[in-house]
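Okay, so chain A shows up in both of these, paired with chain B first and chain C after.
Let's turn to the complex of A and B:
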């Protein structure tokens, strides 16, 4: 029972982090390597406010600030880097250029946070925040971990419903299939792409604050660790599939927790990624991904 | 939804994997300012430092300590008319960068000596290159394992076995009998402490090791391993992790109801535990140097460091960085040459006796590894305090 609960809490963290990344990759074709930095810097912004104003801050205020910073950063990255690249580069080079630009951009917030913190960990716990430890079936779990679980799954359901049922969601999916044709049919690709990137930033910011509260500490490099896990989650589940991200998060977190519990942490990455390798051999497009259609 | 080809997924995965991949009152005893006829007007030594990445908090402090030593050396004309300079490269706490920068430094024959301000796994990537290429190499932050590969390497931190005896003695004085161990398996020093040193010390200090758990340095949630340690009945935990992982482990253990003692390595020094708040009160570690030490030489170094770096207190990394540059300067002066073979002989000669201007107190060398007395330090929730030795 312990393992199931710990795997679920870890899966929720991966889900929160990876969901925005998967949606932007699967629809507007932006593989945003700066996602981890946005995640970290959103939490870091809240930390700076706590330090600067030397005052307590409740959970709601913290997540609002974090989500806001995430949206602003992600939107700015899109407007200032990805969108100009998309317009200028040819389709073949665009993807690689976006990857490289994302990697470069991700270094800026990390360097800034490193400069300010001296590389030390930072945390968001403060007097205004009450964190309780509860026991579910005998397993100790904090109120923040419970909130992460609820928020992660609520986010997944909301995004899934939005993509399936809303007009904008349908338009976004259309962009994901063929952006040129969807533009000819009246979809405002640029605006929708900006909204999608800002939405992914909100999710990254929300995740940054909650994960920082749950783990107690984060370093400027924490986003870099998590982006590797997020790629694994997305590849397992299938790019752009919300259900895929949920399943991918559970598969990776479940495998890691079981390996950690029953063998030893040394093997966690090796065995988890061996699992991914095997899965890709059997189903290259991921569990919920679709095979590519070659256009002639 | 976008239909993504296998090659694109694989390409992104590979890229993601690639991406995954720190006194004026401190003069020397032999600062006679003697002429150094065999030395050029400028001597530049190379420093490979973690200025960014997971262990930047140590690398930056080492860098700061080096700068203090450099000012003293040039200020008092320790090398006569020769000016000593340091060229620093940021390793980003990355092993691949460490290896490639070590290779570049080795290839540059004008570099007489290299200082590595980085932890064991990163230094271990540079050490074989230094040894093979015959470059005198001072490793300021690493342990011995995987780094001390031969005659060209000098290690500054006092070996962990010596340091952990202080911590084990502290646990014994607290009446601890059941020890749980959590360590970072990617760090050879932490692994050595966890798997060899504590089992070796257990009998002597009346400890039973109830559980030992390895984690990777990228494991962000430690709930499961902490739960396993507490489930085994540990009444004390050795934290063989550093940085954010240490704060997370302490907080999550506290939230799981753990009220026992924590002992750790110096990887938790320098305010690392601050995010863990009340749960970190009482975490104790043994160290070569601490700003809270009452020894005169430590106090004077701490004052100079604070005045130079906006009141920031030095941690052990700063003392090691300071010692590394003074050791290099002494060796170069002794050699009166920038030839690597001569500098190595200089190192051998100056490390044959006690070095007494270190912020760590009197330092001696045995098998090219430095030793100092050490002290116990504790986090009181807001700052470090010295603990009387049991």
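Let's turn to the complex of A and C:
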């Protein structure tokens, strides 16, 4: 039972983190490799605020600050890097260049945080915030874990609804199918792309704050590992599919929890890499994907 | 010689970084975005360490065995990932590298776990390494000329077109994977011997970023680009000590900026410039042709 709680929390973390990444990749064709550093740096900014100004801020303020920093960083990355890249690069080299730009940019926040913390883990210590442990059917669960689960699923449902039934969601999906035609139909591609990237940043920032609260601490390189896991989640589920991200998150979290319970944990990270590797070979479009990652 | 004596460690790491960059370059040149060379660098370093520490092997036998193993790995990997292109290939091979890293972390006594292995005997002199690297460079430079060079260029630019002209794209890719593995393992083996330490970090994200930086800034089309990148990024931190502290930030920004605005790297810029000058000269030296009057019907 304890394992199920653990797996669900982990799946919710992956879900929060991977959702934004999957949506931007599936619609506006941006695979933001810096998503992991944005996640980490949002939590890190909250940590800096706690250290320097105010140790008594409530959970809501922390989450809002994290989400704001995430949105700012993600929007900035889009405007400064991915948008110029899209205008300049030809289609054949673009994917490769996008990955390189993302890998390069992701090193910047990590280096900054490493410089300030000396490579040590940092945690969001807060006197005002009490983490309570509840018992549901005799199973202990912390309030933060509960919040993570609720937020993650609310997020997935909201994004799915927005994509399905709002006008902007429709426009975004149209860009995903064919961006030239959709701009001829009056979709403002660059504005919508910026909003989508900022939205992905909000999710990354939220996830960053909640994850570091739940797990107690985070190191500057946590984001780098999480981005690969998120990549596994997306590859499992299929690019751009919200249902796919939910399923992928549960599959990966379940598999990792199994390994953790049976082998003691040192091989956990290999799981996601192996899943990426296998799925790319066997079914590149993912379980729910319409479009293959591989375009030959 | 005095210069070499003072900067021996820097020269050594320039050489190993150069070999690392070249091993990635071999794949990039045929249009395959593979980090397999990086995995082979780490595997070569680990094998050399294990063979020399645990089994008492000498330099030649351990490094050449490491190269053979990496070539076999490359030969295995190539058909497995043959269907992948672009991003998917990049991610799959990064995943492969990181799996190797996790394996090294879990190797127990053999690989030294998270701390890695230290106390690898210094088995290769800088001069020997320089000779080896030069030989590799000459081989690679030769493959950039003539028939072979045109074939590689064709495979990179257009798979279907080269297939239709009778080039076996899969064979070229296969050879690229094997050669890349050999060069990577060679660099890794030399690095292990020079540094006398290997850690799981050698199979992590750090080398991925360093290798990309070198190739993107230098130019990912020829050995010269790898050399420029390796020299530049090995010596930069020592020339600008203030950069040393902000190394990660500077490298990250440089890579991103270069990938957006000068994707061809230093060599690409130079080639463009030369071509433009050549065109200008041709225009200047050309015999002026009087435009004929258009026929009016």
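Details
To be clear about the criterion, the second predicted complex is superposed on the first by the 268 of 296 C-alpha atoms of A that agree within 3 Å, B and C clash if a C-alpha of one lies under 4 Å from a C-alpha of the other, contacts with A are read in each partner's own complex, and residues count from 1 in each chain.
Here, a residue touches a chain if its C-beta (ideal position, glycine included) is under 8 Å from a C-beta of that chain, and two chains touch if they have at least 3 such contacts.
Everything numeric in this text was worked out from a predicted model, so none of it was measured.
In the superposition on chain A, contact of A:140 is made with chain B only, not with chain C. Of the two partner chains placed around the shared chain by superposition, chain B and chain C are both touched by A:228. Once the two complexes are laid over each other on the shared chain, residue contacts for A:114 go to chain B and to chain C alike.
In the superposition on chain A, A:61 makes contact with neither chain B nor chain C. In the superposed model, A:48 lies in contact with neither chain B nor chain C. In the superposed pair of complexes, A:79 makes contact with neither chain B nor chain C. Contacts of A:103 after superposition on the shared chain: both chain B and chain C are touched. When the shared chain is aligned, chain C comes close enough to touch A:93, but chain B does not. Looking at the superposed arrangement, the partner reaching more residues of chain A, out of chain B and chain C, is B. When the two structures are aligned on the shared chain, A:266 is found in touch with chain B and with chain C.
Taken together, the two complexes place residues 31, 95, 99, 103, 110-111, 114, 221, 224, 228, 231, 266, 269, 280, 284, 293 of chain A in contact with chain B and also with chain C.
Put simply, chain B touches chain A in their complex at residues 1-6, 8-10, 12-13, 15-17, 19-20, 22, 50-61, 93, 185, 213-216, 218-221, 223-225, 227-228, 243-244, 247-248, 250-252, 255-257, 270-272, 274-277, 279, 312.
Interface residues of chain A facing chain B in the complex, by the touch rule stated above, are 2-3, 6, 9-10, 13, 25-27, 29, 31, 33, 95, 99, 103, 110-111, 114, 117-123, 125, 131, 133, 139-140, 142, 145, 173, 176-177, 211, 214-222, 224-228, 231-232, 235, 239-241, 257, 260-261, 264-266, 268-269, 280, 284-286, 289-293. Remark: chain C residues 33, 80-81, 83-88, 90-92, 94-96, 98-99, 102-103, 105-106, 159, 205, 208-209, 212-213, 216, 245-249, 251-256, 259-261, 263 touch chain A in the complex. Within the complex formed with chain C, the chain A residues making contact are 31, 81, 84-85, 88-89, 93, 95-101, 103-108, 110-112, 114-115, 221, 224, 228, 231, 266-267, 269-270, 273-274, 276-277, 280-281, 284, 293-296.
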